[in-house]
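In the two complexes that follow, chain A is the common piece, with chain B as its partner first and chain C second.
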Partner chain A sequence: MFSFAKEQEIFDISGIKIGGQPGLYPTVLVGGLFFKGEPDFDTGKKQLQNMLDISKKTGNPAVPDFFIRKEEYIEDITNFIESIVPKSHPFSIDIIEPSLKVKTLEYLDEKNLLSRAIYNSIHVGIKDEEREALRKHTPEMAIIVAFNPKDKSPDGKIEVLQNGANLTDAGLLDIAKNLGIKKILVDTAAMAPGDNSGASIAAIPVIKEEYGFPTGCAIHNVVEKSKWLDDFKSARNPVDASSNINIPLFGGDFAIFGSIANADIVFPIIAWQDILISEYTETYFGITPDDSHPRRKLF
Partner chain B sequence: MENEYYPWGGEFTACSPNGCVAVVILNIDYTPIEKVAIYGPLKTENIGVEKIVANVISNPHIRYIVVCGDDIRGHRSGSSLIALNKNGIDEQHRIIDAPGAIPYIENLNDEAIERFQKQIEVVNLIGINNKNDIDKAIDDCIVKSPPSFGKPYIAIRITPEATILLDDKRALHSKIVMNYMGKIKKRGK
Partner chain C sequence: MNNVKTTVIGSYPVNVETMELMNGYFNQTEVSWDEHIRSAVNDMVNAGIEMISDGQTRDPFVNIFTRKLKGCRIRDRTEIIDKVEYDKPITIADQKYVKSLIPKDRQLIGLITGPYTLTNSSVDLFYNDEKELAFDFAYALKQEAQILQKHVDMISIDEPFFSIEIPDYGKELIEIITKNLTCSTRLHVCGDVSKIIPQILEMPVDVLSHEFKGSPKLFDAFKQYTITKNICLGSVQSDNSRIETVNEIIGHIKKGIKIFGDKISQLAPDCGQRTLPQDVAFEKLKNLVKAGEKIYG
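Now for the complex of A and B:
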């Protein structure tokens, strides 16, 4: 449980606060929809409502993360965002293919949704067409993934943020700022088991002290990629969900926890972790938790 | 023996150690015939590709890689593997002309990549999902009965050198220090 000497940025997106000293704001939880197959909007609607309900109970802000795999899904998914996600609520879009990123940004701009959008993500693979689209249709917030294929240690992650590690023409933070993105979240790029997976957690305090930006990661990806856990099938889900506690414990601000279907388990786990942290950080560092904090909800 | 031949781990099934074909399966449900040396899925255009290269060059009997199924969206891992075999990597370790998002090879040395290019011929079946067509392409390779490439090449995983050495083992990290309560500050400030 930490406190940072560096002043910590706090960003607001549609009323959700993210960042700051540990113990001040609750951990923001990002739950994903439509990872596999055709998007199932009926189930998605129920899962989204369930996540928002549980978020209200625990106090941990919920961000639905929409995975867009194919061009033909863009219109339907952005329509879903427009009509189903509450009007004052942020969301993120998670897209791998650069051409789909470009098209989705155009759709979001057309529908006037960019002010609530978190762009997931900018990384060393950023293409010119993507930069152009981001300049033209700038989202309110972006996740910068500190993945450095040359060096997966915290130092390597800082290197890509700072100077691009010779993989890009500038550091990823400067690239994002030059594109007009003012609110930046840093994702410490969780790797597969056996590939310095712990570095994504160790990097959280390092990056927060270096830059002060809200920081987190998708640590559950490490669990998801584990073959070893195949021998412990009933433990896979609890291990996946509980792996997220490492993020607030190391001072992080957000957890991209995988499928929204896990919201029922992840939210209470993280709310309890936030309470533990807050009890310490208030006593030792004088960080009074915000009114929205789980510590104010569960007692 | 298998462990020696396939030292890098990954999600694969080893079949016939003297088989000349490895099969990379992209996004399809397919099990090749048992005469192949090894088969498995490929997901990422960097670490996934590295594991395949390291594993196949450790077995000199493998002379063909059949890449089949639908390429992984965004990652374009199958096409990146093929590009590596054809073009190698540039000074920044990027696979030349690879279409994937982050196609960097960082854990293999140049010799391993050169060996991969010389030992392996790629059969590009990206876009082909039909079991019979894939089986036939594998059979065509097996019928050629190519000679072994010689000795196994055991690729050593390159690990980045630590740039800063510290005597203070209590430090969380070289860039930060923490006092007894948990207050973090930059080292040297």
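Now for the complex of A and C:
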């Protein structure tokens, strides 16, 4: 269990609190929609409602993470966000292609959705046109992926946040701040099995102690890429979901847990972990859990 | 040009498409650095350079070493957080790759950033003793040099900080690295070395390399001394994008010959070319080779 000497940032996005000392706020759970490409809105609507319902039960805030892979999907997906995601609820957009990022930011601005938007993500691949779009259409919050291809250890992740590892003109934190992004989440960049995958977990307390920003990762990516688990097919989903407990256990604030379809299993597992952590951190460090904490749902 | 070789000091421009690196992350696949090494080496080969380096494309010349030595970590700068020790080969795999790329008639130069420069480029959070840190860097680099000598024709030690100050143990540091090496060695010190020429001439290396093009006053300074070492004559600027003409370089080499005579054994840029646009760096190398051929055949 951890308590950090560095003062911890706590950010609010549409009423959801993220960050702080371990045991204070529940782990925020980010579930992905439409990651296969073409969006299935009927299924997405049901899955979203299911995740929000279970979030209410456990107390862990839920953030739907919308994958956008083609330009033709931008309008429909942003319409879906506008009409289906509850008006007071945050969401994130998860886009790889820089030109799609730019266009999506324009759409979100047009629809007045930027104040609820988490931009997923800023990383060393950031382009000039993306910077310009972020300056013009600044989202409320952004995830920075601390991927350093030169050094995948926790130190390497700090390096890329601090100075860009000589791949960008500045450190990723400074790039985000200079673009006007005030609420920064750090994703510790989970790698494939055998490629320093554990460093994404080890880096969580290192980064929180160094910067105090809310930190987490998509540790489920490690499980997803495991070939070894092909020999244990029935274990894949439980291993995938339970791998997320490492995040709050190491002091992390959010888990990008993969498909929203896994919400049923991930939320109770993480709520349970949050309760265990809170029981310890309150006794030992005097961290009283927030009213929204899963521990308040149990007692 | 049998006796005088065209070569480089070290780094070469690199243009990394960072989105390709990110796509490797998103797809969870390893992205190879080979294309960047190949790009630098191909330019050197195509320009006609006879002794080729790996281009030091992976990192700035300090980080290449401190990224892989025990006791170092990289933040804004390198920080020393524990005893500095050799862990595993640093540049060897890249040198082997370069050797596989270059024609048989070309030679290979291995590059080592010197211990005093590594010391002065780092933030020491462990030793609180510059000399002790510099010696530990030297012992670690010696291990790299011992492996490197099997793969290259020459090892060059890059010590730009000597131009600011050579400590009284400076010669010892270099000796730790060069002692008992079987390949020839070079010490490159860029900047104004006019006040430290006696110490430089005492260094236990075969070739001394300096930026004579950017600092032509060095000719006058060296004129005062008996030159006992071979010289790598810096002949095109590395900190200026203007491309020197062949005739201009010829004139410069002739000035060098007046001072150093047959002690000139290498022609090179003044320093690493990393900060130049790649096309400019390439044109400078091409003109350097042409000028060298005109004079030395």
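Keep in mind that, in the parts below, the second predicted complex is superposed on the first by the 298 of 299 C-alpha atoms of A that agree within 3 Å, B and C clash if a C-alpha of one lies under 4 Å from a C-alpha of the other, contacts with A are read in each partner's own complex, and residues count from 1 in each chain.
By our rule, contacts are C-beta pairs under 8 Å (C-beta built on N, C-alpha and C of every residue); 3 or more make two chains touch, one makes a residue touch a chain.
Quick caveat: nothing in here was measured; it's all calculated off a predicted structure.
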> With chain A superposed, do chain B and chain C clash or fit?
Replying inline: clash
> Now for A:159: first (chain B), second (chain C), both, or neither, which partner does it touch?
Replying inline: second
> Counting residues of chain A in contact, which comes out ahead: chain B or chain C?
Replying inline: B
> Touching A:229, do we find chain B (first), chain C (second), both, or neither?
Replying inline: neither
>> Quick check for you: in the superposed arrangement, does A:149 touch first (chain B), second (chain C), both or neither?
In response: both
> Is A:167 touching the first partner chain B, the second partner chain C, both, or neither of them?
Replying inline: both
> Can A:6 be said to touch chain B (first), chain C (second), both, or neither?
Replying inline: first
>> With both complexes superposed on chain A, which partner does A:69 reach: first (chain B), second (chain C), both or neither?
In response: first
>> With both complexes superposed on chain A, which partner does A:96 reach: first (chain B), second (chain C), both or neither?
In response: both
> What is the contact status of A:189 with respect to chain B (first) and chain C (second): first, second, both, or neither?
Replying inline: second
>> Output check: A:265 vs chain B and chain C. Expected answer is one of first, second, both, neither. What do you get?
In response: neither
>> Applying the stated clash rule to the superposed structures, which of 95-103, 131-139, 149-157 or 167-175 from chain B runs into chain C?
In response: 95-103
> Of all the chain A residues, which ones make contact with chain B and with chain C?
Replying inline: 96, 98, 123-125, 147, 149-151, 155-156, 158, 166-167, 191-192, 195
> Which part of chain A faces chain C closely enough to touch in the complex?
Replying inline: 96, 98, 123-127, 145, 147, 149-151, 155-156, 158-159, 162-163, 165-168, 189, 191-192, 195, 221, 225
> Which chain A residues qualify as touching chain B in the complex?
Replying inline: 1-6, 69-70, 95-98, 100, 123-125, 147, 149-151, 153-156, 158, 166-167, 191-192, 194-195, 202, 205-206, 208-210, 227, 251, 280, 284-285
> In the complex of these two chains, what residues of chain B are touching chain A?
Replying inline: 9, 11, 46-47, 73-75, 92-94, 100-102, 104, 106, 160, 163-164, 172-176, 178, 181-186, 189
> Where on chain C does chain A make contact in their complex?
Replying inline: 16, 18-19, 21-26, 28-31, 58-60, 63, 67, 73-76
